[in-house]
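Taking it in order: structure first as structure tokens, then the write-up.
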Amino acid sequence: MLTFPTLLGAATLVFILMRLIPGDICLVRLGSGGTSFTAQALDACHAEIGIGRPWIVQYLEFLWGAVRFDFGTSMWSGKPVIAEIATRFPVSLEVAVLATVIAVSIAIPLGTISALKQNTWIDLLVRTVSIAGIASPSFWLGIMSILFVLDITQAITGHPWMPSIDYVPLWKDPIRNLSIVMLPALTVGYRYAAVSMRMTRSAMLEVLREDYIRTARAKGLLEKIIINRHALKNALLPVVTVIGIEFAFLIGGLVVTEQVFNLNGIGRLMVLSVQNQDYTLTQGLVILIVTIAVVSNLVVDLFYAWLDPRIRLS
Amino acid sequence: MTDLAPTPTSAAAFVDDTYVAPRGVVATSMRFLRRQPVGAIGMVIVVVFGFCGLFADWLAPYSPTSNDFAAMTEPPSWAHWLGTDQLGRDILSRILFGARTAFIVGITSAVVGGFSGLVLGVGSAYFGGRIDLILQRILDIVMSFPLIIMALAVVSIFGTGIHNVIVAITIPLIPRCSRVVRSSALAIREVPYVDAARALGYGHSRIILNHMVPNVVAPFLIMLTSFVGQAILAEASLSYLGLGVQEPVAAWGLMLQGGAEEYASTAPWIAVFPGLAIMLTVFGINLFGDSLRDVLDPKMRER
Amino acid sequence: MHVAMRAAIGGAAAILGVGAAAVAAETPKRGGTLVYMIPSDAPPSLDGHRETTFATIHTAAPFYSVLMRINPDNPSSTNDFVCDLCTEMPKPADDGKTWTFKIRDGVKFHDGSPLTAADVGATWQAIIFPAQGTLSPRSANFMMVDKVEAPDASTVVFKLKYPTSAFLPALADPYGWIYEKKILDKDPHWYEKNVMGSGPFKFAGYETGQSIKGERNPDYYVKDRPYLDGFTGIFASKQATRIDALRADRASIEFRGLPPSARDELVNELGDKITVQDSDWNCGSVVTINEKVKPFDDVRVRRALTLAIDRWGGVPALSKIADVKTVGSIVFPGDPMAPNKDELTTIAGFWTDIEKSRAEAKRLLKEAGQENLTFEMLNRDVDQPYKYVGIWAVDQWSKIGVKVTQRVLPTGPWFEAERTGNFTVDLQANCHSIVNPLIDVQPYLPTSVSEQNYGNYEDPVEMDLYNKTLHETDPQKQHEAMFHFAKHVMDTQAHKLMMAWWYRIVPYRSYVKGWKISPSHYINQDLATIWLDK
């Protein structure tokens, strides 16, 4: 129930923010070609889009529509907002899922080892690599990785190679699809892994010092069992939070990565919709992103309850 | 790191021990340097770049903004240690001045965002009830709101420039800081001495300042450090999207945008050095922050 | 590095020479799919009648025919008009007030229905006299048209209110796609989201913001055309993506134009696998001064600002990194009406001695009491060439002690700031699709005449000079009249600071043949002449 005020607040915030931006979609539409346009054309455009109507009418319309999952049509393309989002959603989702898989499969084992071998060279190496991952701008990694692929293939085969730039869905051509999505997923996954790895390490360290682990060790239980059955499960709690929050962020948060890799995803759509001053599309996108954030919080809570029976869902 | 003094039993005791004790800043730093060599490396990196930023006017061999069409895209040489960019501007000079911009953006955002979060978090925890509820809901909204839309809107409304970049970066930091501070503060609020202080008729401000704030200082400082790094990275990302600091101001993110991408394979020095500057600085800040956490967070202390 | 760059540029020029000769010699081959990039995000709609962005043209032009156009085999010409759907370029009758076009027989829309004069008439009716609730941003170009008629299935007649030489260039509008009358009658908005034309390619798929696909139209009315089996246009708004894709041969060409650095990189890496065509671009970078704001109402201040800029020294250097190249007046360089170099160097800011020029600028500022002038320049959030020209201008003004900062805004807020006069100095671009200096200089006419002039000034003398030019019929005298007008705008009153003309550079895979560059990225985009030498 607490999600409702958050959604309403976010809806109101985006509604007001968009309208505070000077100019409007008609100026962008008529002017972006670089040629000049007449006031007459501007008026016709305004009339067509209905931009002059009172804010309160537009606001109530937006809310009433949102309640019925109807966000209207995009002011830019005239297509339903839902359809515009649906075109881009699979790309973002795919990169987010792939990056999460990459991150989790790197972060949890390495984080655990790092904690167990605290202050050895392995720990130092893992920590250095992970801090470097957090410290480098992700777009930078992206640009460099594309160039790296181009240069390496040119050096080896004489012909520079890069993945196709014409995206196809996974079910149509899995190989081409994966070749397109792999690099962005790796660059995003690296930073994501770095964050989760640090979290795993510190959570693990904390758990390892708990009394029950020490008791288990004193009782002579096998180290493997201690780690797998007792320590890791408890240490995963904060890690799951980080993964949940990061995942929600990835949908729509990959603005820069989608730009670098020319992916037609939600993040790029957000930038476009604000730049085009497309009120309806931006509003729909914000509702979507906030809903995802809220839902993923809920999922994290459920997962918590499953991992730690002491926590009761209230 | 294993020779640390006995672990204090509570955060309060520890914080008093390190920060309120009249041992002096120098002595405390020296102790930190000795016991956290990795953190010390981080600190040295940060101090070096901070020094560059502060004294850029004296250190920089050239003006960071003046174009030199006779020396466009020149590779590193004795005249230009790090080469020149496509407008013939000396990259070393721009990196030195860029350090200033980076620290202005990083520290201002972190401090403003951090302290606003601190005030809101402690206030929310202390007063509780309706104030807490409303504040938390507002922060929920800001936290779940897509950052990019916020940043784009701020920049579209006010225009690009260093002040607006700082605003765009600071806003999302506030709720994150306030969350952490609030939960630490809530734990203290239930401690009997706060009730006792209240019963004795101490004023709100006195209780908050004397009892609650010291107890949240540790997580707060750790967060503040990581905010500085995050803000520097955020500035770079915003610049990449054309929403950052504006030309001809020297800023690392800006140096990576546009031109750097264009020349990444023909004149790599244009792109490599500012990228390295960002990486090194944020790396240093994070190293320092990690060690700070090891020192400040009693739970994380090694035995 | 310098040597390398120069070699690259020299190499590019050499390749261009070879390429141009080869186009004429070779026989076109049939087949293949052209993959090209569209340097933008999705256009708002596919309806050329209502949009102004080139993205709509680069997306949908291959699906459509037009009535007439600039000769695709000679696209750099400014007045070589030829028929597309008409059979013969008409001679005007009725003292230049009636233009009668005969329409080709046997042309079919992609749905099989025949294309007749009724469709052509309905199309132009919709563009010139848009119905209530439909948008036609170029209708103002047709103020001279009284009515459009289609008296029979093969005749279209344009009746003008008065004879004018501006009519034909306007009618050659690259957006004038011929639509089907019965569809327009049913739903004037249908063409926004759908495609139904009679052009060389049939619609084969559109993924918003991702790609557009077309396949060969076997019933195309020009024999043996098009050569390609089909095309894929991919939206790629990031320049780095486009350069990388050309390098890895994921795409063969991007038609709008890339900066010089991209050309150098591609030629360096790929040698003769890359061909480069370049041309002056009918776009100029112009600084507009808001004369409502003090002290810019003082002509001495405005003249000082233009005198400070070392165009002869700076623009050639700038041309290595930004897509600008030619120093010129407000008239498209190379046009008969454009001033020659001797004339040009008499205009303030174009003197050959920059020291003398800057000394004069400092003197003027001192005289106006503005030695410590500082201001904020409005600029648009677009890299090429806005940002580069902006950085350069700021640096140039610093040489006469004027401190300038930039306020960079995204497109919408930028236009709003211009329109509401919320700026002091503004770096603009003036772009046109078909070179027509008399029309192209209209944005420089006083504010009450030209609503696109954001300078906020009135100047009756300027209007007199323009009208004299407009009505002059003798080419030599018109050239002189235009020069006086230009000098008034750029020097005497210094309303506009002409910075540099844009330069269009299109590097592409050498196996792409049959395409010729023009001064406008709006024209010659139907891909009918392109073939692949693979």
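Observations
Here the chain labels run A, B and C in written order, and each chain numbers its own residues starting at 1.
Convention: contacts are C-beta pairs under 8 Å (C-beta built on N, C-alpha and C of every residue); 3 or more make two chains touch, one makes a residue touch a chain.
Since we're looking at a predicted model, the values are computed, not measured.
Put simply, the chain closest to the centre of the protein, by Cα centroids, is A. For chain pairs A-B and B-C, the one joined by more C-beta pairs in contact is A-B.
Spacing of chain A relative to chain C, judged by their CA centroids, is 39 angstrom. Chain B has its Cα centroid 23 Å from the Cα centroid of chain A. Centre to centre, using the average C-alpha position, chain B and chain C are separated by 46 Å. Shown for chain C are the residues in touch with two or more other chains, namely 238, 240, 269, 410, 412-413.
Along chain B, residues 152, 156-157, 261, 264-265 each make contact with two or more other chains. Among all residues of chain A, those that touch two or more other chains are 21-22, 143, 147, 150, 259, 275. Taken together, the chain B residues at the contact with chain C in this complex read 65-67, 69, 72-75, 86-87, 152, 155-157, 159-161, 242, 246-248, 258-259, 261-267.
Across the interface of their complex, chain A is touched by residues 1, 38, 137-138, 140-141, 143-150, 152-153, 156-157, 229, 233, 236-237, 240-241, 253, 256, 261, 264-265, 271, 275, 278-283, 285-287, 290, 299-300, 302-303 of chain B.
Within the complex formed with chain A, the residues of chain C that make contact are 35, 37, 41-42, 44-45, 51-54, 130, 133-137, 139-140, 189, 192-193, 207-211, 232, 234-238, 240-241, 244-245, 247-251, 269, 283, 410-417, 419-420, 422, 429-433, 443, 451-452.
Note for the complex: chain A touches chain B at residues 2, 5-6, 9-10, 13-14, 17-18, 20-22, 118-119, 124, 127, 131-132, 134-140, 143-144, 147, 150-151, 198, 202, 205-206, 209, 252-253, 255-256, 259, 267, 270-271, 274-275, 282, 285-286, 289-290, 293-294.
Across the complex, chain A meets chain C through its residues 21-25, 27-41, 44-45, 47-48, 76-79, 84, 87-88, 143, 146-147, 150, 153-154, 159-167, 259-262, 264, 268-269, 272, 275-277.
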